[in-house]
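Take a look at these structures.
Here come two complexes built around subunit A, the first alongside subunit B, the second alongside subunit C.
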Partner chain A sequence: MGERRVLLAPLDPVHDVGLKMVKRALDEAGHATILLPPDLPVEEIVRRAVEHQVDTVLVGRTLGYNVPEELARLVDVMEATGLRSRVRLGVGGMAVRPELAAELGFDRGFGPGTTPAEAVAFVEGRDYQPPAPGEGGRKPDLTAGYSYRVHDPGIARTLETIAAGTVAWARERTTPGVERARIRRQLLAADPGSGAELRQEYLTHCDPRIQAFYREGVPAGRTRPLRREEILALESAAGARRLEPLRLRHRRSRPAVFVQYGTGCPLMDIAHNRVGEGWGADGLVHFDPSWSARCEGLMEGYHTHEEDGSLLTLENLSAVGAARQPWTLWQVRAHRGLNTPETVVLAAAAGADLTKVNMVYGSLGAGTDPGRLLVDGVECLALAAEFGLPLDVVTNEELCGVPAAKAFAGMLIVAAIAVHLGARPLLQPLFCLSPDVMVNGQMDDNFLDYNAAKVHALRAIMDAPIWPGAPIGFLTHTEDRVQSAVTTALHAALASSLDVDAITIASTDEAYSGGAIAAASRVDTLRATAEAFRFFGSAGMAPTGRAREWAGELVEAIGRILEAVLARGTLEVALYQGLLGGPGDGAYPGRAGRGTVSRR
Partner chain B sequence: MKLAVGVAGTAKNTGKTTVLRVLLAEAAAAGIPVGLTSIGYDGEDLDHVTGLPKPRIAVPRGTWVATAQTALRPELEVAESTAVETAVGRVALARAVRPGRAVLAGPATAGGLTEVIARLHRRGARLVLVDGAFGRLAPMTAADGLIIATGAARHREPKLLAREAGAIATLFRLPRWPGDGHPRLRVSGPGGERVLPYPALLDPAWADELAAEAAAVGAREIHLPGSVSREALGRLGSQLDGPLKLVFSHPLHLLAPGEPLAVAEALAALAGRGFELGVERGLSLLAFTINPRYPVRAGGAYQWRAGDGGRLLAAVRQAAGVPVSDVVAEGPAVVWAEVQRLLGRQ
Partner chain C sequence: MKARDRVLDAIDVEAFLLAEDEETARRLALTLMEELGLPGADVVFLEWRGTGARVRIRSYAHRPGDDYAWLGGGERGG
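Then we have the complex of A and B:
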């Protein structure tokens, strides 16, 4: 790349800061620059361009008034002087847009938000490549580089014993959920049309509502099949243009930011996901209807759901997954209900990148029978390992009132089972104003210390990726959108400052919408988060000494709880007896699927 | 014969797009294959300066359009791409596969326009129409004929507009003395020939140097390519004497600084002192069109107002020395007849 001679001319009464920024970048790139003072007449600027024999003229214009006339005159005089065949001409400034630059006859226009690198690329005659999202335009691997080593040998032994025992216990058992997953895999592998017998077998493990769907075509829940034109629209959405997203992170490469979707309608999901991706989200989390988690069996085909949560079918999932950007991570959650193993099968078949499993939360906070979910969950984790799907282990039981230490003990057990089975878990502590904290006051002063303590504690125990969620700032949102955006952004900044691997954020209306979420509210928190990342850069937040103290207390408590679980014999019994959260903590062993576990 | 006609304006909002629409319709009715491009950006819904709705550019089926790839609409089918760049992307040649609408983002320079016109001609367009942008004229040197739209958006006062139109027209009547197109200031006389390193007469100091060289060679002819600033031209004139030819490159280069009255006056003063004036190249000024409407800023937004169209038309007609028309009030006949004459003559 040869040195270029560049004339920088503020065609403005005073403003020249943008041009000076561009000059610095050009100087650093080794080009020769001449910066003129503001407010010179057009003829004078052209005269200087001739005298200095420049090959690029960059004009700056900030003021919005009388822009076109002066700039057009400059372009015309340059042309008439014969310079336009060898001098490239660019204009930048607050009042400039590409269309205006084209109308005025400039080779390029640089509006607000231009980076100096763009101007350098123009001067050097290169196409400007904005930094690619993800890892060079591909998906990052959030679990890369983690060993899953448990640092304390005692805790390591305890976790491994519980994990091995639970896997052995579960492997002697089966459930309708495990059977359906097996049959679904066979159905997916079977030739189209040849699955009649398999389907019959599948239906013997299903809820009557699902049987009615397959036998009589009656859609379950408040759903309806998509119409032909809706399906065509879905297919064309998959081929839609690549986005050039806004940049969310500033200097750091972590955390990846996930947003949640589940409007009920796959088309709407795609639209919402585009918004999220356009405003810089790195990942999407699929939400399914809550009734479906309590209903044995999954439907097939394209379906829309009238209420929140998008139906888990291979078709729905594939359409939404295919419409994402190549760098976007996509998580399909399997964590809590009666269809968990089958969900992992569908997620893998639809090309998902991640799933989510936590038998402890699912059985203590989400209404599924502990024994049933343990058997299903172990199958889930084995499938996730087989399909190479990393998974997060969420600790939403904290929202019921379970203290962090118990929730973390449960999370670590599930993570240990996952590792035992060869899967790659991510730990998902909540960054939230949890009921336990509200009662016991750990956040009376600030939100930093206790959230930081959680991350410190987990890191002290296991070398595993950490993904605060889900979403961060739970219970700190109000009906006020600005307040909700600010609190999300501050929690995101804390997560970034703690150098965690990922976060999930909510829209500003998620907590109070009482129904559909507005796309604009997604933009609120994404923009606010970007602003917080920009504000802190690679600087950090400073929790007080309490954070380390609490972390130490958490580690100790977790160790004690794990010992107690081990002493109880099986994880199933420990769950029923409330060792990882009991009625006093607002946790109740669930009933869905009770009595459906059978011995192999 | 194939040719290119530019539709330029003395300012924004003088009615270029309206004239272009009229010509498109007439050419379609006459069965003349048309190519369309712009030296700027046009055809969008709302003006990006005033925010006012703009006349759309309707294109009949079969029209060839040269516009930036990013501005292509579905009714335009791309036939070839070019290396000509605009601020919104590369120019492509496309054909309207059904009647539709064009957003034009075309070559901003004379060089780019020359190439695009040649390509449109090669594709079979007999008449290429080139849309202007703001008061920019210089790239139109690539065209064969020019229609200039003027009106109240340039000046409210009809008399002033008329004088300006008259001044513009005189530049197009300068005699043509085809030359070698040398791109530098040059003097020649019995004492020889001297070339200065300047491509135009933009600086009084350059005028001084030129005058000194002219005196040194006893100049008979001074070659003045590119645009001239009024100040530098005045300075040069004051130092010259004797029978002398001043050769400018192109009327549009003289108009580039956007001060037609001043330039015409300076030239008239030189002519008055006995100097002979001419241009190396030129193009036919076919007509002026006038537009009595103009936008004003009122309460933060722009609105259209209209002056007295009849008075304006009469005033410009009297001064211009070429056909003048208000295509909205009078229809296309006057302007179209000039285009046809040029088509026939070529």
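Then we have the complex of A and C:
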């Protein structure tokens, strides 16, 4: 690219900041620039352009009055002197609309929001290529570079002993969930139309309402099959044109920002996901109906649901997954119910990038029997390892009232089991105003210290990726749009300041329970997060000394809890006896699936 | 007195409009306000990205200097 000679002229009484920014970018790109002062007559601008023998003229206009007249006069004078045919002519600024510039004979008009890089591309006569989302247009690997080494040898031994013992215990057992996952894999591999016997075997492991769906065509829950035209619309959404998303992060390359979806309808999900992607989300998290987690078996086909949560079927998942942008990470959760191993099978078959597993949370905070979920969860983790699906280990039992130390001990055990099986976990502490914190006052002064303490504590224990969630700021949101966007943005800024790997953010409808989340509410928290990232850049928030003190206390408490779990013999017994959260903490061993574990 | 008479100044409509480009979104935004019976609207904020636009559209029930219906005089300005 040869050097270009560029004249920059503010065709404006006072404003020249935009042109100064463009000049800096052009200078850095190696071009020769001449910046004129504001408020020169057009004849003077043209005379200077001729005098300096420039090949490009860029003018700026901010004030909104007489814009067409001023710009038209510049073009007229340039044509009268013969200059117009020899130079490229561009105009930009707050008062400029690209359509007006084209109408008046400019080669290019740059409206509000134009970046200096776009102006440089124009000067150099090439198409502007915006920075690719993700890592150069590819999906980032959130687990890259982590060793999963446990720093303290004592904690390392304890975790490995619990993990190995739990895997051995689970491998001697099976459940309807494990069996369905096995059969589902066989069904996926079978030739179309040849799976009748497998389907019959599958149904022997299902609830009556799922059996009724397959045998009599009765949809479970408040669902209905999609109509033909809806299915055609879904299928046509695959491979949609590429978006040019809002750039969320400013200077830092982390954290990846995830948004949650699960409107109930895959068509609406795709529309919402495109909104999220357009406004810069790096990842999407699938939410399934809560009733589905307590129902043995999954349906098939395209289905919509009248309530929150989108049904887990291969068809629904595949349609939503195929409509995402090439750089978008996609997580399908398998963390809490009776269909966890089969969910991982479907997630992998549909092309998901991540899953979510935590048997401790699922059995203490989400209603599934501990023994059942341990067997299913170990199978999930083995499948995640086999399919190469990283997984986060969420700690939502904190929302029941379980203290962070107990929730983190459970998370670390699950992470250790995952590593033992060859999977790659991400630790998901909650950035939340949890009941335990409300009672004990760790956030009476600020929201920084205790959230920072959680990240410090986890890093002190294990070299693993950290993904605060889910969503960040849980229980700090209200129905007010501005408050909700601000609290999300501030928690995002804290996460960025702590240099974590990913975050999950809510919409501004997080606290609204009267209906589905609106797309506009998704835009608002993404815009707010982008603004917070821009505000802080590579600078950071400064928690007080309490953050490190609390981190130390957390590490000590986690070590004691892990020792107690080990002493109890099996993780199953520890869960039933409340070592990782009990009735005094608001956690109760779940009942769904109780009595369904059998010896292999 | 109608509820609209008790609006201190402006009514903002916030929405996400599906539109193939920014100009279409802008036109749809103003049309939406007409359809809602809120004429004379202005687009306060619009950002379009690929599939549609986040918009905030405003119609004034009372501008400064109007006859303010909320004073109880019965006439509505704007």
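In this section, the second predicted complex is superposed on the first by the 590 of 600 C-alpha atoms of A that agree within 3 Å, B and C clash if a C-alpha of one lies under 4 Å from a C-alpha of the other, contacts with A are read in each partner's own complex, and residues count from 1 in each chain.
Going forward, contacts are C-beta pairs under 8 Å (C-beta built on N, C-alpha and C of every residue); 3 or more make two chains touch, one makes a residue touch a chain.
Here the structure is a predicted model, which is why all the values come from computation and not from measurement.
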First (subunit B), second (subunit C), both or neither touched by A:A520: second
Which of subunit B and subunit C A:P208 touches, first, second, both or neither: neither
First, second, both or neither for A:E244, with subunit B first and subunit C second: second
Partner chain in contact with A:G137 - subunit B first, subunit C second, else both or neither: neither
First (subunit B), second (subunit C), both or neither touched by A:V50: first
Superposition-derived comparison: subunit B or subunit C, residues of subunit A touched: B
Partner chain in contact with A:W279 - subunit B first, subunit C second, else both or neither: second
Touching partner for A:A102 - first (subunit B), second (subunit C), both, neither: first
Doubly contacted residues of subunit A, that is, touched by subunit B and again by subunit C: 99
Subunit A residues touching subunit C - in the complex, by the definition given at the top: 99, 241, 243-246, 271, 274-275, 277-279, 481, 518-520, 523-524, 527
List of subunit B residues in touch with subunit A within their complex: 11-12, 39-42, 44, 48-49, 68, 85-88, 105, 108-111, 133-139, 183, 198-200, 202-203, 206, 225-227, 229, 250, 252-254, 256-258
Residues of subunit C that touch subunit A when the two form their complex: 14-16, 18, 23, 47, 49-52, 54
Subunit A to subunit B touching residues, read off their complex: 42-44, 46-47, 50, 67-69, 72-73, 75-77, 79-85, 97-109
